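You will see subunit A twice below: alongside subunit B first, and alongside subunit C after that.
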Partner chain A sequence: MKGGPIVNDLVIAGSVSSPAVRLDAKRGSMELSGESYPQNAFDFFAPIMDWAHQFLRERPDPLLLELRLSYLNTSSTKCVIDLLDLLENAYRIGRSVRVTWYCDKENDRAREAAEEFREDVTFPFEIRLTGHVS
Partner chain B sequence: MEKAALDLYSLRKSFMDGEVLICFNGPFSHSIIEEIGIAVKRYLATETASRSAVSDVFAVFVELAQNMQSYTHRLSGVRDEAGLDAGTLAIGRHGEKYAVSAGNMVDRSDVGGLSSRLEALRSMDKPGLKALYKERLRAPRPAEGGAGLGLIDVARRATQPLSWDFREIDDRYRFFSLSVII
Partner chain C sequence: MSNKNTPPAPDPFLERTREVLTDPAFAGNPLLEPYRELADRYAHMVRTFMKTVHISDSYQLRLKELNEVLDEAMRTDFLTGLMNRRAFFDRIKAELSRSRRHKRPLCILMGDIDSFKAVNDRYGHDIGDKVLQETARTFSSALRTEDLKVRWGGEEFLALLPETDAAGAAAAAEKLRSIIEETAFDVGGYSIRVTISIGLAEEWDEDPEAAIRAADQALLEAKRKGRNKVMVAPRTVS
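Presenting the complex of A and B:
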């Protein structure tokens, strides 16, 4: 495993079909923004999942997930569900985790998608409506 | 001239008569999907389409194109025959709505499974599709791509029942085409 024994920051530049990623160990925050329909979503999300696992294992601090994803294809949706399941399990054993999901207030479909993700979790999950985000 | 070159005018005319906005025929790559995706959004944004409608057309386009890319890639990887790697995709107007259509060669042995999945989706209402989608989201990952989820998502975004056809090409292949109205 790369990354060493101490969780490091991870920054991935965005592309047309993959979100910009900023995982900040000191702040305890994970930010993903953009559209997500990469060639292989599982490969794309693997280091993000690994980072979350490592953070929760090594740090006692709260973890915040901030998502500004204007579109996710079905493979990316599955990956985000996996990430939310990981946070849910951490929450159930007493960790402080929360999600803020930003979506375009004029796009009902994006808001409905965010609400569907929220249906499956019990930790704090805020949907914030904003201007056009992509 | 000996052999007439491609009659671009009649090709263009059939696109325009069919109210096709964007059409692509050939092997799909990830970068082609990205480029067409950008064009789709730009086109629809200049029309009066709502952001939800643009989202739905774009999402259906991405799922169908990625499904086609992975299936045609698999099929042409097994057999090196002309046309197996090509997909045909068209996005156009359909009255007040939009239509996204996709077609590619399929092995005859895949027809049964695909058509029973499509029949099942066509018989379900929106809450049933949502329940199935959520169930599949938590199912173990299939070995080859996530094609199961893609068609459910497409069916959820469609405003009319899905329609499809398997055209007989020879004893081995059928041309599968699927049309989604949004």
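Presenting the complex of A and C:
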């Protein structure tokens, strides 16, 4: 086990109502893309939260969160805020974390939402306007 | 309408709790530690709650806006921008009961571009579509704002004229017919002239389909009589 990554990669295929998830331990990256309104967002996000916890506990490397989420229901919104809280706490004890939030430049509401997610966050959080997202 | 840097709402209970927790009289009291933690968690949860609500509002607003766009698209004919059949049937009942209630006349006018197939055959469908758009524009501007203008199908247009009897509708139809006859549409480098045949029907009983059928019959009659004509359906109210 020593030297190799203990935290495993986690890949969840996207569906109509849940985003595609790619958590890459070697790259230190978490990617979520798609729309998020699963039946139970807390269940859906639990393994993602666990992975982030484990990564931050076991690896000293920087962590990048890349989000291409065009729509989130209320409970997914809560889960993403929790995830950002987790990153914020890690950042405050000296970890290198950052977020890139991609949103459709045609969609003002998505940009407004991204700006609200960024509130209260002190680590680097970039909002990138792109063409159609996911 | 951004909620950028929303200040936390004043919370007198939390303020009071914090005052007590920071009172020098209690400094060093280990019992206060969990209460400090609780106060912090409480403040954080309230903040998270408000943030979740605001973000959720943004997404809901977006859905609402998209719904309006969809609703509009669902009621509009894509090519001409006129009302489509679906929107017309949504409106017709209301128009009908209004005319009944106020005992006001109501007319339906059905127009069809003459020999439109020849336009498509000669110039191609792209040009044909542009001729349809120009005809729709003329159709729209020749009638009143309060008239409902519908793309009924291929090269067929329907109008509903409230507060109008057969004589008024015939005058409006004749004006429309002659404007179209006299206008040369400049499309794709061609100057194209078309004519239109129109059938109209006045007032009917509870069944809007009956008036549409009557207007359609009158339209066929106009075609039979050599096209580029306005025909009025015989009044068939029982």
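Quick notes
One rule holds for everything that comes next: the second predicted complex is superposed on the first by the 128 of 134 C-alpha atoms of A that agree within 3 Å, B and C clash if a C-alpha of one lies under 4 Å from a C-alpha of the other, contacts with A are read in each partner's own complex, and residues count from 1 in each chain.
The rule is simple: a contact is a pair of C-beta atoms (placed from the backbone, for glycine too) under 8 Å apart; a residue touches a chain by one contact, two chains touch by 3 or more.
Nothing here was measured: the structure is a model prediction, and the numbers come from that model.
After superposition onto subunit A, the partners subunit B and subunit C occupy overlapping space and clash.
Once the two complexes are overlaid on the shared chain, A:78 sits against subunit B and subunit C alike.
Contact with subunit B, but none with subunit C, is seen for A:17 once the two complexes are overlaid on the shared chain. In the superposition on chain A, A:42 contacts subunit B only, with no contact to subunit C. When the two complexes are overlaid on their common chain A, residue A:109 makes contact with subunit B and with subunit C alike. In the superposed three-chain arrangement, subunit C is struck by just one stretch of subunit B from 77-85, 131-139 or 167-175, namely 131-139. Counting contacts by the rule stated earlier, residues 71, 73-74, 77-78, 81, 107, 109-110, 116, 120 of subunit A appear in both its interface with subunit B and its interface with subunit C. By the touch criterion given at the top, residues 1-6, 47-48, 51-56, 58-59, 61-63, 65 of subunit C touch subunit A in their complex.
Of all the residues in subunit A, the ones that touch subunit C in their complex are 71-74, 77-78, 81-82, 85, 107, 109-110, 112-113, 115-117, 119-120. Within the complex, the subunit B residues that touch subunit A are 30, 33-34, 37-38, 50-52, 55-56, 58-59, 62-63, 66, 130, 134, 137-138, 141, 145-146, 149-150, 152-153, 157.
Contact residues of subunit A toward subunit B in the complex are 16-17, 37-39, 41-42, 71, 73-75, 77-78, 81, 104, 106-110, 116, 120, 132.
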